[in-house]
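First the structure, in the form of structure tokens, and then the observations on it.
By written order: A, B and C. Residues from 1 in each chain.
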Amino acid sequence: MIAALRRLWETDPRRDPNTLTYTLLVAAAIVVPIVAAASGSSYLIGQIADAGVFVLLAIGLNVVVGFAGLLDLGYAAFFAIGAYVYAELASPYLEAMGIHGGIHLPFWLLLFVGMFVAAGFGALLGAPTLRLRGDYLAIVTLGFGEIVPRVVRNLGPLTNGVNGISAVDPPEMPVWLSGPWSGDPLKIVTDLKVGDPVGYYLIMAVLVAVCVVLVNNLQRSRIGRAWMAVREDEVAAAAMGVNTVRIKLLAFAIGASLSGFGGAFYASKLSYVSPDTFSFLVSVTILVMVVLGGMGNIPGVIVGSLVIYYILYNFLPDLPGYVTAIANSLGATGILQQSGDWPGLGEEVSRLKFLVFGLILVATMLLRPQGLMPSRVREQELQKGTHEDTTIEDVTAATTGVG
Amino acid sequence: MERPIAAPRATPIRLRGLVSSRVVNTIVLVLVAVVGVLVIARIWHRGPGYFAQILVYGVANGSIYALIAIGYTMVYGIIELINFAHGDVFTLGGFVALALLPMFGVKEGQPTSAVILPLLITLVVSMLFCGGVNVLIERIAYRPLRHAPRLAPLITAVGMSFTLEGIMFLWRGPFFLHFPDLLPRARIVLGPDTTIGAKELTVIGVAVVLTIVLSLFVERSKLGKAMRATAQDRDAAQLMGIDINTTIALTFFIGAALAGAGGVVFGLYFNSLSFDLGFSAGLFAFTAAVLGGIGNIYGAAIGGLLIGMVQSFSDGYFDSTWTQVVIFAVLILVLVFRPTGILGMRVPEK
Amino acid sequence: MQRRWLLTVLAAGSVVAAACSTGGTGGGAPSASGSGGTSKGEIIIASDLPVSGADASDGIPTQNGVQFAIESTGSIKGFKLTWKGFDDTVNGAHDPQKGAQNVQQMLSDPKILGMVGPFNSNVAAAEIPVGNKGSLAMVSPSNTNNCLTQDTFGGKPCTDPNPKNIRPSGVNNYFRIAAPDSFQGPAMADYAYDTLKLTKVAVWSDNEIFGKGVADTFQAEFIKKGGQVVVRQDFDTKVTNDWKPFLTDAKSKGAQGVYAGATSGTKACIPNAQMAGIISGSYMTPDGGVNSQCIKDSGSNSADLYGTVAGANAELNPDAKATIDAFKAKFTKKDDIGSYTFMAYDCAKILIDAIGRAIDANGGNMPSRQQVVAALAKTSNLKLTTGTYTFDKNGDPTTPTMSIYHVQGTDWAFIKQFGVGGS
């Protein structure tokens, strides 16, 4: 333990930013909930658990996009599949189909069912399309991402159509320790239905940690190296004996499975699923998280997903409040009031949300095209590539006079 | 346009180990045949007049998609970027026209003769404006990332899309905007139960004229040749003395001008606009571009028409809830069995 | 090592969560001073509505109503009354997850004793369980999905949502003042068949919870009356711009009118403009279409436009005139008023009334959330701008009112209103 800490202390963060990031993330995962709880904003803990779903999704998409280099624009489809599998099998809904009381399978089992069903769909979609090259896969996945929520919406009695499925079972812990913190005497309880943000948070933290470890190990395994080979040069990889179709299919299915996994947790946490919540925009948002964080680099992706989640769910909704508060403290109350065409500062800012998000994306990518925390290998490739291309650019500039 | 430059290299599908490709192909063929028979039976049942009417609406609707799809396909052809902001440039065209028309004193209910000139001016100004905006977007958000990882410009494209939507939201608010109903109401009777209105004719006419002008430009002019060369091999084109930056900017300009024209025509045809219109319209137009064979201008036009017609026929003969599912299923099937799209792609594999 | 950390987190978190959920009871001087003072502290009424992106066209006018009701009241029995608006959109579309988070956030602020909202029924399905666990009083101006409050819908049991399943505490905390779907569709169907003398109509919906619900109930009632629904389609209005194939289909089958189960935010009246030259007949919408937006969208084809509103006409109520004038003085643009503005105003007023009674019940002190919910359930004969409200045991208004409107000239004109009680 001490030796490990010492090693950590002595590493140069510039040489190994990932270790530092992991340490900070773990520290934050422990400290933030305590601070949030102590400062009376326990809802924040629940919100971090929600953010965890997106962290899972981003890690999964990172396997597809970052490791194997396949562009997936319909990732939310697998998210939807996982969520609906959970909702169907752990809610009173199937009573409508004549099953008394519906089906209530255990949470932990269903996490894996959701995962495997989503992976199955991933393989089904991937098998015929992964032979296509380049962006055609992106477009097929885009189509699939558009089809799934619409099919769910149209299936009427099977999925309850547009109404969605409500009263989905919360996560359960087979064994749990109750005590003064939940207002009970200290004892071990069994089959506890988790209902408070802290419980969600703990489950989420464990799930994310497990997935990070798994995906990290995958990346370093033979499969991970094969992904990298396929990503860099598919023809060369095939020539070296990599079964490119199989290896791509594997990436695709693993990505889908993590999405299904996240979907199942999402359904149990929200206790409701609706076909509206798995639109193309969700796929795009997850992709933005991965690319902005730093494709291929897991800590980068985690940071990216947390940053984007924070912007979308906290920063932008609260922005009018912040601005109003600043204006108030400056004494500029005049601009807060509504008058004529001016809707008041807070309202005006709330109309700016789209614009602000767009500009944040553009600015971040321009400043850090490789993402906030790129993988080191990719960063080096990038620098090399730029260098070569710049030379050609310079020659042109010299000959044609256009830079 | 001439034959595709690169032979399609995607391997035909073979689900080796599961079933032989012959079985799969037979199953798919049988399915397609069954669906085809059902469709024809339904169409036969409703009679030819109804068919022709739905066709007219489908072509008009598809013409708008075609105008947007051409810009997508050109941009993708030259820098392999899915320009998500393109759909919003299309909306912008409509918004600009909506702002310009009152300046010319155009109002609903005026005689057509008084409206034609202002409309033409509006169309041209909107096209130029959208072209300018798109060149600006390319300069700010895409050009600095030309050597960055491939997905970086994709994210700035999403960002530009949100930015444009945000600007239009600020400009005109979240509500649906009424676009003045300026075109004559007269309808020409084509046959029993079939009419075509001045609106449909205008939409189709603008799309056809612009597509022809564009393809002439790309095939005959020197700049067009530069565009094709750049699309084929950017480095080689550069070595041949083609100014890459100008050529790419020109591509963005032309694509956006067509989309802007699409926006104006959309407003005239549907008389309604909203700030977020471009997101879904862009998605379908992109699908159209891929269906036709990405990088291929005629392909994009045909893909657009096809999507418009699938929509009309699905809404008019079948169940509209499944319309979008049908469109994307057609897309997936086409890509799996003919990966280069209907007319073949013109993007070299890299 | 790790486990001990986690336990500490759990302990700290749960204690605070428990403290929060019981609400800030107690505190404050026992004696009740005049209602004008604000010495005893602050009470917040929150709203949760979709106020950005495409949904803002519904959300902003509704939020204006809440804001106006609370700011014009100012204080209640010695407590300062303030409004706090939450937005349940993410990327410009209403999001159940964001809604549930907002409610969770409201629960963590002991000063928030109730909320107005949500606007969308699917957001409600995610919010009600969260609010229910914390006994937060919720009053929605616009949710009309029957199954949010009732066990049966159209004679069939509600399996999903089911009121019992989404209220884990067993005590109802969710109330609404809009007449449920089961009234609005049939009201228009009756009017279309009996008064407009239509026998063949085409029906479309936006395939959303509200739109599809009213379209289904319209269709059922119209057929029951003896009419014929010649075409029925559900559209994804986000991607559909062209209704001409649908209208052509309807015309070829002899439709005399079209019923749109949609709201202005889902293009309710855009097909009406496209009807010109295809069908000349009546166009009917539910209350999401009874607004100036609909007339604008109809273009030159707005003459034969009818709509229902699941509430009474505030402008008809002489007592409400002063309120409406004051509102119009503060919110000057036409878009500021929507069909739910005064419904939302009334929701806020109902909450204020309940909080007032809860304060009394608690001896002039800050009431607990449970006390507010209990007072809210006892709301009876409260005369407000859109009607006189009493809640039944489900949380529905006992005598919901339905009004029918018709476009005359360039604006909606009231035709008649009637009670549709006896749920």
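The definition used in the following text is that a residue touches a chain if its C-beta (ideal position, glycine included) is under 8 Å from a C-beta of that chain, and two chains touch if they have at least 3 such contacts.
As the structure is a prediction and not an experimental result, all values here were calculated from the model.
With centres computed from CA atoms alone, A is the chain lying nearest the middle of all the protein shown. Pairs B-C and A-C differ in how many C-beta pairs touch across them, and the larger number is found at A-C. Centroid to centroid, with C-alpha atoms defining each point, chain A and chain C lie 32 Å apart. In this assembly, the C-alpha centroid of chain B lies 38 Å from the C-alpha centroid of chain C. Shared contact sites, meaning residues of chain A that touch two or more other chains, fall at 150, 153, 351, 353-354, 357.
Counting only residues that touch two or more partner chains, chain C has 52-53, 56, 60, 92, 207, 236.
For chain B, residues that reach two or more other chains under the stated contact definition are 165, 169, 173, 283, 321, 324. Note for the complex: chain C touches chain B at residues 52-57, 60, 92, 204, 207, 233-236, 238-246, 248-249, 252, 264, 267, 270, 273-274, 276-277, 293, 296-297, 299-300, 335. Across the complex, chain A meets chain C through its residues 30, 33-34, 36-38, 40-43, 45-47, 50, 91-93, 95-96, 150, 153, 160-167, 177, 179-183, 195-199, 201-202, 266, 270-272, 274, 276-277, 279, 281, 285, 312-313, 317, 338, 340-341, 347, 350-351, 353-354, 357. Per the touch definition, chain C reaches chain A in the complex via residues 5-20, 51-53, 56, 60, 86-87, 90-98, 100-101, 104-105, 107-108, 121-122, 125-126, 129, 133, 145, 147, 159-162, 165-166, 168, 207-209, 212, 236, 330-333. Residues of chain B that touch chain A in their complex: 9-11, 13, 15, 80, 82, 84, 140-141, 144-145, 147-149, 151-156, 158-167, 169-170, 173, 235, 238, 241, 243-246, 283, 286-287, 290, 294, 321-322, 324-325, 328-329, 331-332, 335-336, 339, 349.
For chain B in complex with chain C, the residues that touch the partner chain are 46, 50, 53-54, 57-58, 61, 108-109, 165, 169, 173-176, 178, 181, 185, 187, 193, 195, 197, 266, 270-272, 274-277, 280-281, 283-284, 311-313, 315-317, 319-321, 323-324.
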